[in-house]
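Shared chain: subunit A. Partners: subunit B in the first complex, subunit C in the second.
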Partner chain A sequence: MARMKFLCDAERCIECNACVTACKNEHEVPWGINRRRVVTLSDGKPGERSISVACMHCSDAPCMAVCPVDCFYQTPDGVVLHNKDLCIGCGYCFFACPFGAPQYPQAGNFGSRGKMDKCTFCAGGPDADHSAEEFKKYGRNRMAEGKLPICAEMCSTKALLAGDGNIVSNIYRERVVGRGFGSGAWGWGRAYPGSVSN
Partner chain B sequence: MIAHLMNSWRGWLAFMTIFLFCFAATGMLSMAKSETGKTNPANLVGHGGPIKAISISVDGQAILTGSFDYSAILWQLDSLGTNKLVRRYNDHDGAVNAVEFVTDKNHFLSAGDDGSIYLWDTTSDNLLFRFNGHQAKVLSLAVSANGKLAASASWDRTVRLWNLEGLEPVSILDGHKGPVNAVLISDNGQQVFSGSYDGTIIKWSATTSTLERTLHRHGWGINVMKWLPEKQQILFGTINGDVQIFDLKTNTISKILIPHQRPVLALAVSRDGKFLASGGGDGIIRVWKTSDWSVVEELHSSFGPVWSMVFSQDNKKIFYVGLDDYAIAWTISPRKIDTEVQGKFPRRFQKLENMSLGERQFARKCSICHTLKPGDQNRAGPSLFGIFGRVAGTLKGYNYSAGLLDSKIVWNEDTIDQLFALGPQHVTPGSKMPLQKIAQEDKRTALIKFLKTNTQ
Partner chain C sequence: MMLHRLIAAIFFIALMLVSVTTINAQSVRPPGNAVNQSTDEQIGTSNTLGPDSQSKYWHDLRQGKSGLSTTGRSGGLLIQAQGEQWRLIRKNYIIKYSGWVLAAVLVILVLFFLIRGKIRLKGGRSGQTISRFSLPHRTAHWFMASIFIMLGLSGLILLLGRTALAPLIGKNVYSIFASAAMQGHNLFGPLFIVALVWMYYLFVPGNFFKMVDLKWILKGGGLIGGHASAGHYNFGEKVWFWAVAIVGLLISITGIILEFPWLSANLQLLQISTIVHAIGAVGLIAFALGHIYIGTIGMEGALDSMTTGDVDVNWAKEHHDLWYEEVTGEKSATHDQGETGHAQVYSQDKITGV
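Take a look at the complex of A and B:
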């Protein structure tokens, strides 16, 4: 079974935000929520870099460890998903995630008890594949259609890669060797400790 | 010797006695280990859910904690190491994320998921005032040195200032592009500093309520900030694990400490400024000596994150909180780690083998907030003991929301089924209960059957 991974090549990301827009459009993500965002480091200074960030679907996902209602689970191909029927919107996973992935809609009885929302690697959720309920809660299940995440597919510079971890790392390795500089796969080692990093 | 003992019936008897003694002793030891956290008199035991916030009084004799169980607790610290629960403050409508003393031990502030800031009088145990205005949860509180001004940081992307004397809102500091996680006030009360998920630390003027300047753009979100002594340096921790110090005099990062592998969630600075500590989602607490920036101690808590922590007055202990229902007193000096590290243990919401479908539903979906025992009032929700036939909002001792107090619902198989089929927002609008549904009918039926037999 392939192990799904994201990789953002900081040498290629041009901060166009196409990945952010594509994600919002594909999953009809509500106003105020961005499952993916572009973070710019050293903004306006020498060495400025941009990175497209969302849930990295970590091997040993810290969100799973802190959830008080144990609503997270990992699919056989390594995608970290959560059950919105169980989530109580407590916000603990927000603080545990090194990528700032969990988002919360401003809904609920006391202002902030909305269910957590995050990137699903376009793999839906625990409801039946392609069901209306699944789309409403988690967005489109492209993985069940045999497709990879829309954000990586839409990336014009192919900075953002998604798919089988071995294939992704091979592509990246070839790139680094080819261009002879810049191993900027930020977060790869943190999300997937033990794998070949940078 | 064993062979010799087993050559006679007396020998057998002696051998079996020794064996059983050893077996029992081992069992008791492992039981004692698993219960260490709750039986250690130095630990603060009394909450009914994970603890999110902890604060210590200026004289070091009192501690405040805020929890997922919708309550704040005031504790009295004993010099002999036996700490006492003084009072539980449970008027909140949501989890408590921040607690802060107001100059002395007579007043304190608490705030959390319901977006309100509560001002308490500990001498009369009265709620003096409830400041409303935030549109989302509050994560951090700060009080000026004279105790007249408070600041609150919220996920509604604003910082709000409150007049603690006149009991009125002062201003809204609006400028962050993401949830605000941390706030500090300068000693003279004229500047406010806020750290946000948007990755920036902003300096505000409290007198004109305007944004003075963005001090630092970190890129990754700021989770927590603390003053170093003299209040000229801000220690901050970030989502990507960084622990750094921003110097207000030079307007630069003056120190970069060893980062955590996971987000930094807790920072603590000792009263005399000689030590500081960083705690992360990786369960690690690092204690630093500020004179030479050496790491004097490192605790690897084996389970869960460190949400918040404070140094004891003598700098010998750190009280830290996380997913456990109690605050742990960790003795830093002399080194005493082995007895304090908690092992990974099954939490009450985790799935266990041989659970019926109904019991599993309760464990996964209800037990974080409810208990089945009578009189157990220290959870976020009321005890479910005797739930069948009870009118909603009538269990004595539980602080119900107005939505439940006005409800005419009588809990039975049908109404409980409705509650989870439609969701609390439709069946008990205005309730403090999180939005939670159980879509599958067989699971609802199994849960109701389990509750029927376990709540009487």
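Take a look at the complex of A and C:
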């Protein structure tokens, strides 16, 4: 089976934030939460680059390791999903996550955390595929429809790539060879150790 | 001929236009006060790639370099590098060793009970009692005790439940327990601070260390046998008091930080807080197990001081002889007859006050 991965080509991302918006729209993400964000580095200076980041679906996922109720699971595709029925909103996955992916809607008047929400690689959750509960908790399940994540599918410059890790890295390698620079597959060393040398 | 002239005129006009635009382009110069950026730092392939080499750029990101972001609560931080350390400390040290430490303390207490047995009153109960703890003291103690047990149990469920409980009762049931534990922990947590301040205020007199405590240590507190003199509080009780006061303060501060995450946007502070909170709490729970043991099944007559507040006269003579002498003015018969020098020390103690 394919190992699903994200890759953001920093030489192509133009910081349009359309991936953020598309994700929010597709999954009807709760108010105040963005499953994806775009970060601009060296803004306005030579060497400015933008990177779109969400959950990277790590091989050895820190969130899975620290969760006190063990609510995470990894699909055979390598996608890291969680069960909101088990989640207690403790915030530990956010403490451990390198990419700042887990977010919590505010649940109480004292700022306590609600159930964690994060990118699902458009693969829903443990509820039945395409059920109303699944959509309410995790958003649309595009993977079950045979589609890839909406953020990458609609990326106007094709900076954001999502899909089988081997195909994604081949596309990226061709680009690097073609333009002669830009070999920083951002986040891959962190998320998928041992699978890439950059 | 007309056509030739027309073509020549068009060509001439076109040439004029081109030359005008060329001149315009050349006249677009930086103003006189403009500063040119130094080209010395530009190592990259072109200006657009910036001054840093590729490897330095990505290395900095890995170490936690921040950018700008208009969306998302993590802001411009792309990789927070200390999360992995936090995970390792929590999984490999705190969760692993806290379980072993608490289990070891329980085993030691059971072994101690089997070998040493209950520490009996040598003279039996006299029937006469002496007042040890007032009603406010006992109320503060049990207020603290009930909150401590409640917070300790809920905290241990959250810390060790995934390893110890979830495999037994299943993830779904355990999740309900954990959710209740977390909500209860957060709800009753602030009361711990109230109990701590109240208890500190009532119990701090008499809990400062004195020379007699050194003798108590040298005699092993009389746990193994023999007699160690003590005032109102012995050395063990004093250490327990200060452990609760100091570690309790640390747990309170870190607990407030963790309970209201919006107080600080500093993730590192939250991570350190969970570590300090867990280590401190497990230490106090281990200590509390010993305290509960010696206060209940470990020693005859000890529990009375926290139930009725009145202890048997013989208990006072055997375990807190200096305090007994101070309160009653009588000389306690329990200390060794050979050591005549003791009486002198006691009277000095009385003068300085406990």
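Assume the second predicted complex is superposed on the first by the 192 of 198 C-alpha atoms of A that agree within 3 Å, B and C clash if a C-alpha of one lies under 4 Å from a C-alpha of the other, contacts with A are read in each partner's own complex, and residues count from 1 in each chain.
Quick note on the criterion: contacts are C-beta pairs under 8 Å (C-beta built on N, C-alpha and C of every residue); 3 or more make two chains touch, one makes a residue touch a chain.
Just so it is clear, the structure is predicted and the values come from calculations on it, not from any experiment.
For the composite obtained by superposing both complexes on subunit A, the positions of subunit B and subunit C are in clash. Set side by side, subunit B and subunit C differ in how many residues of subunit A they touch, and the one touching more is C. When the two complexes are overlaid on their common chain A, residue A:R3 makes contact with neither subunit B nor subunit C. Within the superposed three-chain model, A:L86 lies in touch with subunit B and with subunit C [touch as defined at top]. Once chain A of one complex is fitted onto chain A of the other, the partner contacts of A:L41 extend to both subunit B and subunit C. Legend: residue contacts after superposition of the two complexes on their common chain; A:V69 is shown touching both subunit B and subunit C. Using the contact criterion defined above for the overlaid structures, shared-chain residue A:G114 touches subunit B, although it does not reach subunit C.
In the superposed model, A:R175 lies in contact with neither subunit B nor subunit C. Taken together, the two structures place residues 39-43, 62, 65-66, 68-70, 85-86, 88-92, 95-100, 110-113, 190 of subunit A in contact with subunit B in one case and with subunit C in the other. Those residues of subunit B that touch subunit A in the shared complex are 49-50, 68, 93-95, 113-115, 134-137, 155-156, 197, 199, 217, 219-221, 223, 239-241, 261-263, 265, 281-282, 304-305, 307, 323, 347, 349-351, 364-365, 368, 403, 424-425, 429-439. Within the complex formed with subunit C, the subunit A residues making contact are 17, 20, 34, 36-43, 45-49, 51, 53, 62, 65-71, 85-92, 94-100, 103, 110-113, 180-184, 186-187, 189-190, 198. Every residue of subunit C that touches subunit A in the complex is listed here, in rising order: 37, 42, 44-45, 47-52, 54, 57-58, 61-62, 65, 67-74, 76-81, 83-84, 86-87, 90-91, 158-159, 161-162, 166, 171-172, 174-175, 178-179, 182, 186, 259-262, 267, 270-271, 274. In the complex of the two chains, the subunit A residues touching subunit B come out as 39-43, 62, 65-66, 68-70, 85-86, 88-92, 95-100, 104, 106-115, 133, 190.
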